[in-house]
Structure formats: C-alpha cells, structure tokens
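Input: a single structure, listed below in structure tokens.
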Amino acid sequence: MASEKPQLRVGLVGTGFMGKTHALGFAAAPRVFDLPYDVVLHSVADRTDGLAAAAARSFGFARSGGDWKRLIADPDIDVIDITTPNALHKEIALAAIAAGKHVYCEKPLAPQASDAREMADAAEAAGLKTQVGFNYLCNPMMALARELIASGELGEVRTYRGIHAEDYMMDAASPFTFRHEAAGGGALADIGSHALATAEYLLGPIERLMGDCVTVYDRRPDGQGGFRTVEVDDIGRAFLRFASGASGSIEASWVSTGRKMQHDFEIYGTKGALLFTQERFNELHVYSMADVAGRRGFRRIEAGPDHQPYGLFCVAPGHQLGFNDLKTIEVARFLDCLAGKGREPCNFRSGARVQALVEAIQDSSRRRAWVETP
Amino acid sequence: MASEKPQLRVGLVGTGFMGKTHALGFAAAPRVFDLPYDVVLHSVADRTDGLAAAAARSFGFARSGGDWKRLIADPDIDVIDITTPNALHKEIALAAIAAGKHVYCEKPLAPQASDAREMADAAEAAGLKTQVGFNYLCNPMMALARELIASGELGEVRTYRGIHAEDYMMDAASPFTFRHEAAGGGALADIGSHALATAEYLLGPIERLMGDCVTVYDRRPDGQGGFRTVEVDDIGRAFLRFASGASGSIEASWVSTGRKMQHDFEIYGTKGALLFTQERFNELHVYSMADVAGRRGFRRIEAGPDHQPYGLFCVAPGHQLGFNDLKTIEVARFLDCLAGKGREPCNFRSGARVQALVEAIQDSSRRRAWVETP
Amino acid sequence: MASEKPQLRVGLVGTGFMGKTHALGFAAAPRVFDLPYDVVLHSVADRTDGLAAAAARSFGFARSGGDWKRLIADPDIDVIDITTPNALHKEIALAAIAAGKHVYCEKPLAPQASDAREMADAAEAAGLKTQVGFNYLCNPMMALARELIASGELGEVRTYRGIHAEDYMMDAASPFTFRHEAAGGGALADIGSHALATAEYLLGPIERLMGDCVTVYDRRPDGQGGFRTVEVDDIGRAFLRFASGASGSIEASWVSTGRKMQHDFEIYGTKGALLFTQERFNELHVYSMADVAGRRGFRRIEAGPDHQPYGLFCVAPGHQLGFNDLKTIEVARFLDCLAGKGREPCNFRSGARVQALVEAIQDSSRRRAWVETP
Amino acid sequence: MASEKPQLRVGLVGTGFMGKTHALGFAAAPRVFDLPYDVVLHSVADRTDGLAAAAARSFGFARSGGDWKRLIADPDIDVIDITTPNALHKEIALAAIAAGKHVYCEKPLAPQASDAREMADAAEAAGLKTQVGFNYLCNPMMALARELIASGELGEVRTYRGIHAEDYMMDAASPFTFRHEAAGGGALADIGSHALATAEYLLGPIERLMGDCVTVYDRRPDGQGGFRTVEVDDIGRAFLRFASGASGSIEASWVSTGRKMQHDFEIYGTKGALLFTQERFNELHVYSMADVAGRRGFRRIEAGPDHQPYGLFCVAPGHQLGFNDLKTIEVARFLDCLAGKGREPCNFRSGARVQALVEAIQDSSRRRAWVETP
C-alpha cells in the first residue's frame, strides 16, 4: 500500500561524525514520529567518490558522489543537509539557497557573523526554510524549562548562569588545528555558542554584555617539530544583561580538565529556580516557593512521557534519551517546519544571532568595555 | 556500487512499543556499526493487515501482513524477531526454529521457565542462534563493571545488592491486566528479571536463594465495576548465594512510588567497590583501595569512547547514550554472533535461566525455605 | 545573678571516644538549648585515676577517679552516663539504678537482649528515666521523615529498605577484637542496630522477620602470629513485616569497601516516598504524588530552622549540623524528659527492643526460618 | 590536680547568634583539642546588663555587663572576642588593641577597607595577634584542596570559579535593614567575602579584576508604610586574574531563590580538577589525570581522620562535621597562633584584604573598567 505522504528528498553533504549523526536522525525520525513527509535519503556527497559511496552504503542513501555541486544541481533534491567543516558552510548553503533548496546546517553556521547574516538574508529573501543544528535545544527538559519560565511559575527571572566547559583542549601538547585559527572562533564559538543559544532560548534577547576571553596556551605544536601561534581563546566569559531586565553570566572553556559535558544553567526567579546540567540531561531540577515552608527543595524531575516528545521514544519515564535522539527530534522539527507546522526552532537567523553574540563578547574583551549586542 | 556483505533478512512479529524499539535498532545498527550483514527489513506481521501495513511504512519494512505464520513460512527470511505479548513468544519461536530461522525475542522469554527451557532446547538442537532482549546488559558501563570484576581490580567480590524498582503499579486503582495473571509473573518476572540477569552477568551463577514475595494489592478493578483477584506479587525479594562465595540480595518492586528506573547495583570487593543506577546509566561509580589514603572516594566515570562501543555513537565522552541506543547495540551483537563473531550475549538459554531464577524465588517464598537454583 | 534552674549533676563513666562525644554534648547543650536544668559536670571515672583526671581536665568535670562505684555511691550525682565498653554497661547501669540514679547509656545497651531487658525492667521498677545513645534518631530530618509519615503525607507506607554499611572490618588482616566475640554481636549489633532502630522509629513495630547472616572472614589474626575464630557475622540481612502491614528489608555490613556511613533508608507509600542517607544527613529527599504530573520529582530538602531544633544551632538553613550536634540534641532531650517534658526518645526499653530484633535475626538465620519478634 | 597550662581569659562582646556560635566554639575547643591554654570564659558584654547576664549564664561566662569598655579595661582579660554588629567592630577592636589585648573578630572586619586596614595596622604595630571569623577556611576539606594544589597534584591551575549564593534577600517585601545601607556592603561584602577569601586561600593573590554589581531591588519597605532606597548590590560578579597566571570568576548573590549555602568552587589545573560545595562541605570531588584512561572520574572524597583535625571530632570517617565545628577549629587555631604555634589562618590583614577586594569589585563595576587590586 502506497503512502499518501509527500516525499522529502534529502541530499547530505559531509559524512564525518556529524554526517553520521544526521544520518541516524533521518533514519530514526520516521520510525519515532508521524512525520509530514516520507523521507527519501536521496544522495550523499563528500570529498571523494569513495568516501561518499561508503557513506551512502552505511547511512542508507541511494546515490553518492565526490562533488557536492551535483546535489545542488539535482532538481529532485528538496533539502540540502550540510555537515562539512565549518569553513565550507557558507558556500554550500548559498548555492543551495540559490537553487531553491531548504537548508539544514550544522553549527556553527559560519566562522564570521557577517557570513552567517548573509546566509540568513539569502534564505529569507528566497523564502526558504533553514535549520541550524543546536540539538541540545530539542531536549524535552529544555522545553520544560522554557515552559516553567514562560508560564510564570518561576516568577520574574532575576539571574542566569550558563556554562559550557569541556576538556578536549586541556592538553598543551595537543596539536594546532583549524580550531585554533581565528576563523575557528575558539572555545566561545565552538561550545560557548551552546551556552549563548540556551541563554536566549530560555530568557530572550541579551542586550548588553562585557566579555573576558583568555588564551591559556598561546602556541601549540605544529606537527612538524615547531609551534604555531594560537589565534583563539581557550576560555570566554561574559557578564550579561537581558532585555527582560535579568542579569547573568556565561562561561565557555575547552580546558576544564575532567569536564566532558558541563553544559549547565542555573536560573533564579522570584518564585522559583531551575538547575540543569547536560551531564544528566534527562533531568531538570526545579525549586518552587509555592511549596510549603519546610518542604521546599530542588526537585529532580526525570524525563518521561509527560515531557513530549519523550513518549514517542520510550513509553515509560526514566529510560532516558541519548545525544543522538536529540538530533532525531531536531530532524522531526525541521520537517514539521517545512510542512508549515510549527516554527523553525533554530533557523539561520538564530544561528547568525549566536555568532553575533560570540563576536560581541570577543570584541568587548578586546576593547575591555561593555558593548551593546547587535 | 553493490555491497559485498551478505544480506540478513529480518521478519518482525509484533509492532507495539517494543516492535518500534527493535525497528529503531535495526535502522540505527548499520549506520553506527560496521555490521557483518546488510540488514534487509523484509516483512512485518501483526494481528491485522492494517496494523502490519502501518508499521511497515513507519518502520521501513518492505512487506507486511496479519499472519505471522507467513513470515515463518517465507524461505527468504533469515531471522524472526518477536516483540508480541509474552504469551505468544513460545509458539512463534518454536515455529521459527522448526523452520530453521534464528530467533530474536523480547524478554521475558516465556511466562514459565519450563517453556523457556523448551525453547532453548529446540534452538540448540537445531543449531540456531537466539537472543533475548536484555538490552541493559549492552550498556558499555555494564561491560566496564564486568571488566573491573573479571580483571581482579575489585579483588574478591564479597557482597552484592541489586534492585529494580519502578512505580507503574503503585496506584491501587489501576486496572487488572494480563500482568496480574499468574502467567505474567509479577514484578519479579517483569523487572526483577533485569536485576537477576545483571547479578549473574556480573558475578556468575547464583547457587542458592531465599525468596520473599509480597502482593500489596490483592485485587484490582476489572473495568466492569467489580474486582479481580491479583495472582502475582508486587514485590519480590531474595537473599542470594553465588557460586563464587559472594552473598547478596535482590529486590524487585513495581509499587515504589516516585521510582521510574531504579535498576541499581552495588558490589563490594576486597579491593574496591562499584555503584550503578540505571537512572544515570552513562555513569559508573568506582572505589579503589589502590588509591592513596585520604584521596579515596567513589569516582564517577562518565561513558565515553574509552568504553566501546560508545565511541561509535558519539566521538566525545559525556554526550550519553539513550535507552534505544542500548537496543541498537543488542542488534549489532546479535548480528555479530550470527556471523560467528563473538558470543551470544543473552541467548534463549540465558533467558530460560533468568526465568528459572524468578520461579525459584517464588517457590522459595511460598515454601518459606532456602532453595537451590536449578 | 544566680540561676533559678535546678541543678542536674552528671557522673560520666568512660572517657574514650564516646565519652568525649558525651562531654561535648553536655558542654554544648546548655549553650544551644534553654534546658530545664543547670548541668553540673560533677565527676568522671575511668579505669585509672590518671585517665579519669586527664579527662576531667579536658572535658571540664570537677572531680575524677579510677573507680566508677564512687560515682554510684555519691548522693550528689543525679545521672550516671555510661560510655564504657559494652560488656560493662549492665553492671554499672544496674548499680546506678539501685542507687536511684537516672541512667544515660551508649548503644548497644547490652550484648544480650536478656541483659538489656533486665536493665529496662530495673529502671522501670525504680521509676527512673533512661536513655540509650541512638543519636541518629535525634536528627531533625529524621523527625521530618516521621512527621511526613505520621501526617499521612506519604499515604499508606508499603515498603521499606534500610541499610547500614561501612567498611571498617573489610580488611581480612585487621586483627581479632572483642567485636569478633559472640558477645560483640557482629555487624548486625554494631551498626545494624541503627538500621533497626530507625525502621521502628519511622514505621512502628516489626512483627516478623527472616534473617540471613554471613561471616565473610571466619578467622582473624590473633596478634600473636596465629588466628582466632570469628564468632560473629560480617553481614546481616533480614526481610521484615511491620505491624502496619508494610514489608521491607534491612541490611548491615561492616565489610562494604568504600562505605563510611551508608545508613540509608527508602520508604515508599501510596502518596509519596522518602530517601535518606546518613552520608548527607542534613538532607531528606521527598516525592509527593500531590505535585502536578510532569513536575514530580524527589525534592532535596535541606535542614534549616523550619526543622527544629536546627535553628538553635544555626539561624540560617544550609549550614549543616554535624555528628556531635546530634549528641547535643540527645542530651537536651534526655534532660527535657528528666524534667517531665517530652517522652524519652530512646530509653532502655527501646534499647532492649533493638537488641531483641538483632537476636531475632540471628536466630532466624541460624534456623533458616521466619520468626515472630518478641 | 591543677592543670599546668597557662590560662587564657576571654572577654566576649556581643551575644547574638554569632556570639552563641563563638561561645560554643570556646566550650568545645578544649574538649576536642589539646589546646596550649586553659580557656577561661571570663566576661561577656552586650547592650544591657540583662542581655549580658543571660548570655553569661547560657554561655558559661563568669561575669557580665552592659558596657564593653569594662572588658577592655579589665587587665585580667587576654583576648577580646567581637561578635557585635559590623559597625561597632572598629571602635571595639582599636580600643582592645590599645589596651594590649589580642582580638578575635567576626567577619566582615569593617564596612570600609580603609577601616579594616587601620585595624590591621594597629594590631601589627602593637604586636598583637588577631583573627577574623572566616570559619569556612577551617574546613579540613578546604585544607585538602589547598594541599592538592600546593603539592602540584592538580598541575598548573588554569581556571577558577567561585560562587556564594543564598536567598535570604530574594523576597522584594523583606524590609530595609542595615544590610541595605552603603556601609553594609551588599551581597558582595556579606557573602561574596567568603568567595573571595576562599579564592585567595586556594590560589593566592588576585591581581586584577573586572566587577559587575547589580541591585535587583532598588527600594525596600521601610516598615512605616513607605520605602527606602537600597544603597547596595544584590548581586556582585567579577572576572579575576591571579598572580599565578590563572583566570577565573566569582559571583555573590543573596537573591538566588532556593539556594541556602551555594558556596562552591571549581578549580581546573593541567593535571586535575577540584569541585566543592559548602552545601555538602564534608566532601571534596577530585579528578586526576594520573588515573588510567577509561577509569577517570571525579572522586567523592568524604572527610575522615585522614583529614585532620576531623579525627579529633570523630574517630571514623563519614560522620561529618557541622557548621559549629568549623568555628571550634577556628578557635583552636587562634589559640595555637597565640601560643606561637602555627600562623594566623586569617588575621586582620587578611580580613582587610578581603574587604579591599570587595571594594575593588564595586569600584570596577562603577567605573565599568578593569582595576588592579591594592
């Protein structure tokens, strides 16, 4: 029996780790969600035919090739999904947009905010839908956090603390890579972007900020017996002022020894508070002044079917979603958005915004002065 | 370019929640692992053609139908995957074995240990491979726990405490279902089976035990204004003696208000100890006497690429696997086992063993006496 | 200006670690509480005059001596406080009672339940007040737990799990001591007594039980190059039936490597649940079905002035009481009880009861049968 | 038998909550420690004779009176202990110093850094010993943290995060008090001072900083139907640069709903990391790169006799010190320092330093510029 759903044909560019994660998302989404489309894994491209062919086999795509431009040129393809190195995002996305295709792109959208803005402008001018891969925002517990704030259960939010710290650059001996070039954006762009996206997702726009960026290791081995000067920061901090009146701070670090996924936030309002860590992202800790005195405390809420779309993955609470499940939700949301159902959770405009915040912090740190955000 | 891998054609029987979980596992496994087979989602069966057709579309199977016997009869199908209600497991599995097919079956293998044994005997006699869905055992942190024990890092294990407690039957008003019939096996069979499987996975065979089973709610609403007598236990406990000389206990409860996934164990050896909870199953807590005095403590190890196959899902530690990822690992292991690589992690014999332990506890509780395990 | 409070003159027998703890309690109690008496630290006794004199100086007692019988004989002394080795408790307590003195005695009250009962009988016959040092019961969070149960906030309690595990006997090479003699009572008497006292404090009387006692190290070095046979158990477990209808279990172990103070309980009722660990005894975790669906979770309540008498120690929550503060509360409660205010929280009758439960478990384990408690 | 120790006669000024805490410390210290002095609780003063007399009775002091100047004038008194409101600290301390007495003073030393410096100068000029009540620094786990850093076990420390957040001012309706006057210093002086003292205790001097102070509630009820303008900050943040080269941040807030004692720090070095929260101050979490890959994790070290002087309070680990025990340690350290044994852990110079840091942050925030610390 034929499905009555329209087809959505996907062309994937880039087959590294994030390509695999997207492929898993496209494979799982139709099995978990009642999607508005029949997803067709149409074509995959990478640097060589061989890489692309291997990925096509492994990821379940029908066609493959070593040239991403053929995917852009293929009229059968509806969506271009970009998981290449960051430096290529812009060229591919603009080409896809010019060809009238919707674009799904991994974060960060582009090394420079100006590029990211150009990409967002192009998509909007063409009336196309876009999505940037901030999949942590697709966590049902993140939605619960936002709902608790939006509903007023926390009262007026007064203060925010956001952190994203890991340790993958803590070793002074780890070699210079593209991430250490200016265009890489440093810890702030790489993971601080999560902290910034989360802050605005939950509390709305940041109006002003004061940055503090630190390069801990100012040179790294170049792999040829010498050293190369690091052009980015290992740590980025900022004081924040939100349009809502709340104040706060964020911190990003990729030299926090022992930390693997300290993407945390703490939110304090006049009626309650929230604590969250991505280290245990199936939990949200909520404090409520509405509780009786002597019985108040941070309550550890475990993700369950009460927190959709968790229930589509597991019928019972406590079973836990994984990192890749968040990508599956992201895929499903993008498809809903393509079908006109629901807003784009994080489109190119949102991606450009995050990049602009990163640059505002870097600029503020250089100038040693508070700055208005764009 | 055609793949050179042999095909493995799967026939799925049952399309409820566990069917969906298996479908996700079969979709993800080839994308995550380098499997020995090309998995072909051949056919799916459920009670009606309509249910089966809908599942085929959603799960990505090529054919469907309302009669599972056609899958058994289909010579193209290599593996029968059973996710029906427990009462049907035996009939389908025996038919599949008789037809020379490998069988993958959800837990519990059968309501009665004698049935489970019959199924294991049949599969072994036919030289076929089998797998029972104890996917918690596929957690990389569980493998780490076993490795810590096997390597002697914990010294001689002296005591074990295993728990599996949830609260899905804590409401006295929740109606009588098949789970409350004698064949359902009660909390001990439903979730205590996980605690028992884990105990023997980690410490080896249990030789003797003393059971204590309790029915908290002896009748439940029959949905027609009356009540029906509950035939099973809400809580099952046991004292344990392992062949290794260790002693311990397990407890299963489905009336533990507030608990969603308290599948915990604690293991104490002469040189160290382990703590684990399925509530945070990407962590293992390890204590080692080898640490310097004054610096000792339970160390929270987060799952990462050091704990394979985690790294095939996520390149970096701390990102976390979800419940469905454990099923993906289970699928991959079964395929490896079919290809002659690796042992069956939990075959029908293992499934029958768990069932036998459940019955030994129930028997001991009834007789109020210690019993030898079979 | 002279105080108008009556004096209470205390004679302390035993100046080891528990003697020091009691001395701290007597020093702190008048400063923390508005006691009904002026406490006079009258006399202290130990095995030698020298030991006693040193303790008198350090602890702030006026007189001292090497013979406890002089304290008993001294008509000025109102209360005899016993912190000697367990084997001496009975003789001293009976002498004190015969002399008409109230008695405060460290736990365990006596190695044998029959002795403990004899002590309780004597005190009651003489109309004297007694107290046994189960100071964990004086924790304000323990009182909160009891209040949550008594008030019905947890609904009907269905299941209980109590543990007291430490590791001070985990080393096979640690030498034979009086604790390894039959009269020592083993892990069950030494620390399991806490688990039993807590269970009955919270849920009321245990009616029936089934015990499981294990000697892990059946001999220990005698300090003279040989070994001596251990006469007690390293681990004691029991299934429990409470008069209330609840079922449960307890476990005691002094060979749980890495555990320093795992005195935990978990209580599940029809409307809520409680989790507690003495490892973090200023917290109680409470789950309530009265919370809205999707917002439920175990709430970490931190001790504060809402949980009296915490506020007499610290004006603000979160500052935390320490082990010795619990003893101070115990002292204050005993003094209130002497003044006719409040019940004896844990008198000799209670102490004898705990001892009887220990022996019931040992007896049941030996007979491998369920037993009724006395 | 008379003690051979010299006497140390203490005069306490102020009998509110902190007076009680000090009284408890003076009562407990001789019982816990082998002090170099016999402590004599000589006299106590408060605003009225009545208050002072009541405190003398309750705290165990021999004399009392309504005029603190009589304590200063009394040649028998060796040490003046000040626990009055902050505004009186300076006058009393300078008078005591002029009279040749050692001074023990609660934190903050004085509302203005210049006053605090004057007090430190006076004490040093007179050759007298002083102590400020930063008792959190007396926690054995804090000493362990410092030792781990000093020994090089953490490698070079790269980043620091310190927080002290509570919620006692979170209610907009809570009335204007002296704490809301400029001299009160706000959240930064009140509790941020702990965060600053801890930061320098562990990592050494802060060289430069950038402050961000926020007044959330700019007016508060004056108790007479009107409002009064709040002169201080509810939140204070700072970026930090340590002389060691490490960078970091601190945050203080008294409007963090739900937080009772979030005095936390996180320290990341090239070889390891430390996590600590005063909410569970008997624990320190330590990560070490020296552990084998795949076995690394934050290790929860529980306070015990390995971490002196814990063992003088409790013979076994895991029993836990309380807030008041930290004050007892502080008292003992001050007495050691008076006797020429050990350094003053936190003298007036240290107290002035903390105050100077508070003012530097406030100054930086006002000027919106980085500042050098004095």
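By written order: A, B, C and D. Residues from 1 in each chain.
The rule is simple: a residue touches a chain if its C-beta (ideal position, glycine included) is under 8 Å from a C-beta of that chain, and two chains touch if they have at least 3 such contacts.
Everything numeric here is computed off the predicted structure, so don't read it as measured data.
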Graph separation of subunit B and subunit C (steps between touching chains): 1
Neighbouring chains shared between subunit C and subunit D, ordered by label: A, B
Whole-Å separation of chain centres (CA-atom averages), subunit B against subunit D: 54
Distance from subunit D to subunit A - Cα centre to Cα centre, in angstrom: 42
Centre-to-centre distance between subunit B and subunit A (centres being mean Cα positions), rounded to whole Å: 34
Residues of subunit D whose C-beta touches two or more other chains: 259, 296-298, 302, 304
Sites on subunit D touched by subunit A in the complex: 158-159, 161, 165, 167, 170, 172, 210, 212, 214, 216, 235, 237, 239, 247, 249, 251, 253, 255-259, 266, 268-273, 287, 289, 296-298, 368-370
Parts of subunit A lying in touch with subunit C, wherever the complex brings them together: 144, 285-286, 291, 293-302, 304, 306-307
Subunit D residues touching subunit C - in the complex, by the definition given at the top: 1, 3, 17, 20, 23-24, 27-28, 30-32, 34, 53, 57-60, 166, 168, 259-261, 278-281, 302, 304, 313-325
